[in-house]
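First chain A sits with chain B, and in the next complex the same chain sits with chain C.
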Partner chain A sequence: MEELERKGEDSGEESTAAMELRELSLSYGRKTVLDRISFSVPKHKITAILGASGCGKTTLLKCLNGMIRNLREARLSGEILLNGESASALRTEELCRRVGLVFQTPTPFPMSIRKNMCYGLRYYGKRDRSELMRITEEKLRMAGLWEEVKGELDHSALKLSGGQQQRLCIARALTVEPEVLLLDEPCSSLDIVSMGQIEEMLKRCRERYSIILVTHNISQAKRIADEVVFLHQGRLLERGERESFFAGAKREETRAFLQGI
Partner chain B sequence: MSRKKRERGHIRGIRSSFTAEDGKRGLSPLRREYFFGLLLRLFSALSLGASVFSVLFLILYILGRGSSVISPGFLTRAPAGLVLGEEGGIAPAITGSLLFSGTAVLLAGIPAIAAALYLVFFCRSRWMRASIRLVIQCISGIPSIVLGLFAYSFLVRSLGLGRCVLSGGAALSIMILPFIEMRAEKAFLELPQELLDASTAMGCSPAWTVKKMVLPYCLGELISALLLGGCFAMGATAPILFTGAVAFSAHPKSLLEPAMALPLHLYLLIAQGAGSLRTAYGTAFVMIAVLLLCRLAAAAYARYRERRWRG
Partner chain C sequence: MRKMENRLFIGCLLLLLSLTVFLLLFVMYFIAREALPTFRELSLFSFLFGERWMPVDLGGEKAFGIFNFIAATAAVSFLALIFAALLSIGAALCLSCFLREELRDFLCSVIDILAGIPSVIYGFIGIELVTPLFIRAGVHTGSCVLAASLVLSVMLLPFMIASLSESFRKLKERYYPGAEAMGISLSYTVRSLILPQAAGSILIALILALGRAMGETMAVMMLVGNANLFPRILGKAETIASLIALEMGSAEAGSTHYHALFAAGFVLLLFLFLINFTIGLIRSRLPDIEEERYL
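For the complex of A and B:
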């Protein structure tokens, strides 16, 4: 009976939660990095993960897109549901495709902008040039980069500025149509203008993708997040919608973090 | 400096700069460090000067003595004369050497680069990686004459290939395999991990990452490793001494024929005595010129590839 009820809950949540974490724990040998983390990521919203450096944010992202499986010493337990589907049943490559990840520092591949954009598409078997071009344009437009680079698609991506490189990386991650997009402090190495552009872009992307944004920049979370999750030393301390989270943090540690202590 | 800091310096085993004893010895610590730095720089400059001078002297001496022999005929004719090589040219030795090196690069390059790829991108067992590295290091320690002996007994006698370019090239390839592998591995390891992660994060397989990113990105380094491996092979005599190089032959028509080689020809010219010493310098000139050109080409190509993306 209980099982049935739980199943009912699952299917009920399927429509709203893009991703759900249940008691997710991770340890390297004896060191516990993530400790029983449970929360759900609503669809078509930006969920910000806040926390001090070293609290496990980046590790959490790597768990979510499966890259942690490539580390042999990492021990993962708990469950991740991707649109109601258990992630552990998916192959790592499949999980990586469905959950895109953009890193802290821009990582343009050492090739032309066009080839950067087609890199993943070609891997998934898209060969038709007009189709490739259409997707390239669509994603670059979404990243707000199209107008800036449309004349120089065959130039090296390394010649772009830092902010442009990061937007290119986000656009590139979107080419393989992930369901959830993870961003690991995407603006930490960028200036304010680039940061603004990326935030605008994320707000636009929200309509099509569910986004998880790791940041230690509180004002950024205030500007664009819909939901906020606060991690502290590998544990989830508090979560809530943006207004309620920032208005009334319940835990001592959360308040200390928000006040910059 | 506060006492606390000084104590910490002692704990870490770092000599604190300002202690009472130093003052009593007359030379202030700052000055001592200054003199030490000066000595270090002087020593480095002298060592650098000495090595640059000796290499330059060697090259210029050989180029100087050999340049008088160099002529179009020397480069295009076969050796001639009563004492062979005293007159005529060294053309068959040049083609022979290029063939030996080319064969060796082909035979060694493919397994060397494949091994490096496997070690860096595919091998997940630490034990496996360590043992492969150990084997490769052992190969690099084998004396080249032993490789020659091995190739002679195995390829020339047991397999019946006979003394030919292929046997010699195979012996050389064992010699240059670790050289190419180590350089290729270094090139792969220099690739930023974030790039590889970014490719993995899109769900791309390691094989795709290697094919579409690693190999194109490292192509310059790889080509230069192959060229340098070829240079290394071209200078070696011992592996081909019993396996393929002969004192005189025409241009080989296939890899199953023996050929002349520059280093062996040089050795014979010197061994024959004073009469052929003139052409020996000419041969050395050609060898050094070919090797220098290859190295320059390797460096230039690696730079060109890198520039293309750095902009």
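For the complex of A and C:
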């Protein structure tokens, strides 16, 4: 249980990067999906990964939280550091807990909002009701969902709207106190209002968590990203801080992508 | 022109559909018509709850009570269902959640082959493998309710495993990624999420299997001993299906015996209808697995 209490900022004080990728490659059989990707994810910032469909963005996220290890055909090489610690030394479940992942489509469990929020906590041994309630409220507030659902915590999560479901999933991912939060195009199935709410919440969450946001929505990256990484056909083509990235893209492919060609 | 074609096509489909429905109704009607004359000679109560079955006059009085047969049908089916439920839930969970895909596909096709084995072969296997065990355990001739239900449960497995592993696999695909992303183990997810969610599917699979079990004739007949006794686990008994199969050939057409056998068949049919009706009721009450997640 101790590890759940530990916040991102407490562990590995010496490293400034929440995550660091060194020459990360991944292949399925003969097909290379990711090709020697290296970059670091700064703490308490939103790093946006941009790129066209099929450039390996989702696969990269699954490498970062270790879920890729459950695919037997996948060959992973290179190194991932999580707060200075080598990820390969961690068990998959431990890595998954410390690096949260929110999927493209909302995946609420078929149970009440309260049980959704407590599911992970119970697994990690938290039983105390008031403690469970405190964390539920805290994370739902962070997700900007508390005011909307506080009166109906025992209603089914499946009855929520798509945007609310996605915010619930983000809040649920935060209950197990990940150090890094990965989001895989979290707004692609949502309307503009829900998208705005999620962007606001991500900006708030960056005070506590380091965030990696995969998106193919350029304007979203312009609105909320601190750092931008551009992937093209499995390779990292360009990266930089938001202003410099959007102001002066150097590579032909990057400019073509940004102009929507 | 196109319109005509469409109408013709739909007309043909409707004709085929009504033919099917008509055939079903005809079967019902025919059985009911042949069953009804039974009750000119005896009361419904003495038919359903009588324990004596003496279809031909051998010095004593004729009697047509099928109570023991009904009880045996229920006993054999329910026992088989209990064994099959335990085995199939475990096997289906293992297949759908814990095995590699290639191994799963291979085992599923093996299980499908099990479904294709004719029931008389299961009866043989029962006589060869199961009855000797019971003889050694002290049961005369080895035929008994337990032997029949053991073999019957194996016959129910393929269907139950196939339908349950399909539901489990769907649930796993839908909910496990969310749990996995929090570092939660698969076995915990199975216990706390997949199994409880599958309760409805499990219940439906069980009831469907019960219907099959009650109607199964050959294998049960070969193993149950066929004696008009109240069913005891290690005792002989006779199910409705085996009663009909055994006596139909020798019953004189038009006799009370003949009509009584039809009436017994009608009772079995009613049980099966009741089962199907229950399934419909449960399906409409339970949230469907396919239910849309988004409003």
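Methods note: the second predicted complex is superposed on the first by the 246 of 261 C-alpha atoms of A that agree within 3 Å, B and C clash if a C-alpha of one lies under 4 Å from a C-alpha of the other, contacts with A are read in each partner's own complex, and residues count from 1 in each chain.
Simple rule for what comes next: a contact is a pair of C-beta atoms (placed from the backbone, for glycine too) under 8 Å apart; a residue touches a chain by one contact, two chains touch by 3 or more.
Computed from a predicted model, the values in this text were never measured in an experiment.
Q: Fit or clash for chain B plus chain C once both are placed on chain A?
A: Chain B and chain C clash in the superposed model.
Q: Quick one: classify A:Tyr119 as touching chain B (first), chain C (second), both or neither.
A: In the superposition, A:Tyr119 contacts both chain B and chain C.
Q: When the two structures are overlaid on chain A, which partner does A:Glu23 contact: first (chain B), second (chain C), both, or neither?
A: Neither: A:Glu23 stays clear of chain B and chain C.
Q: Does the superposition put A:Pro110 against chain B (first), chain C (second), both, or neither?
A: After superposition on chain A, A:Pro110 lies in contact with both partners, chain B and chain C.
Q: After the superposition on A, what does A:Ser161 contact: first (chain B), second (chain C), both or neither?
A: Touch status of A:Ser161: second partner only.
Q: Pick out the shared contact residues on chain A: the ones touching chain B in one complex and chain C in the other.
A: Common to the two interfaces on chain A: residues 65, 67, 70, 72, 93-98, 100-103, 105, 107, 109-110, 119-120, 123, 158-159, 169, 172-173, 176.
Q: Chain A touches which residues of chain B in the complex?
A: 124, 192, 194-195, 197-205, 208, 212-213, 216-217, 308-311
Q: Which of the residues in chain A end up touching chain B in this complex?
A: Residues 65, 67, 70, 72, 93-98, 100-103, 105, 107, 109-111, 119-120, 122-123, 155-156, 158-159, 169, 172-173, 176 of chain A touch chain B in their complex.
Q: Quick check on the complex: what are the chain A residues that touch chain C?
A: 65, 67, 70, 72, 92-98, 100-103, 105-110, 119-120, 123, 158-162, 165, 169, 172-173, 175-176
Q: Spell out the residues on chain C that touch chain A in their complex, using ranges where they run on.
A: 100, 174-175, 177-185, 188, 192-193, 197, 287, 291, 293-295
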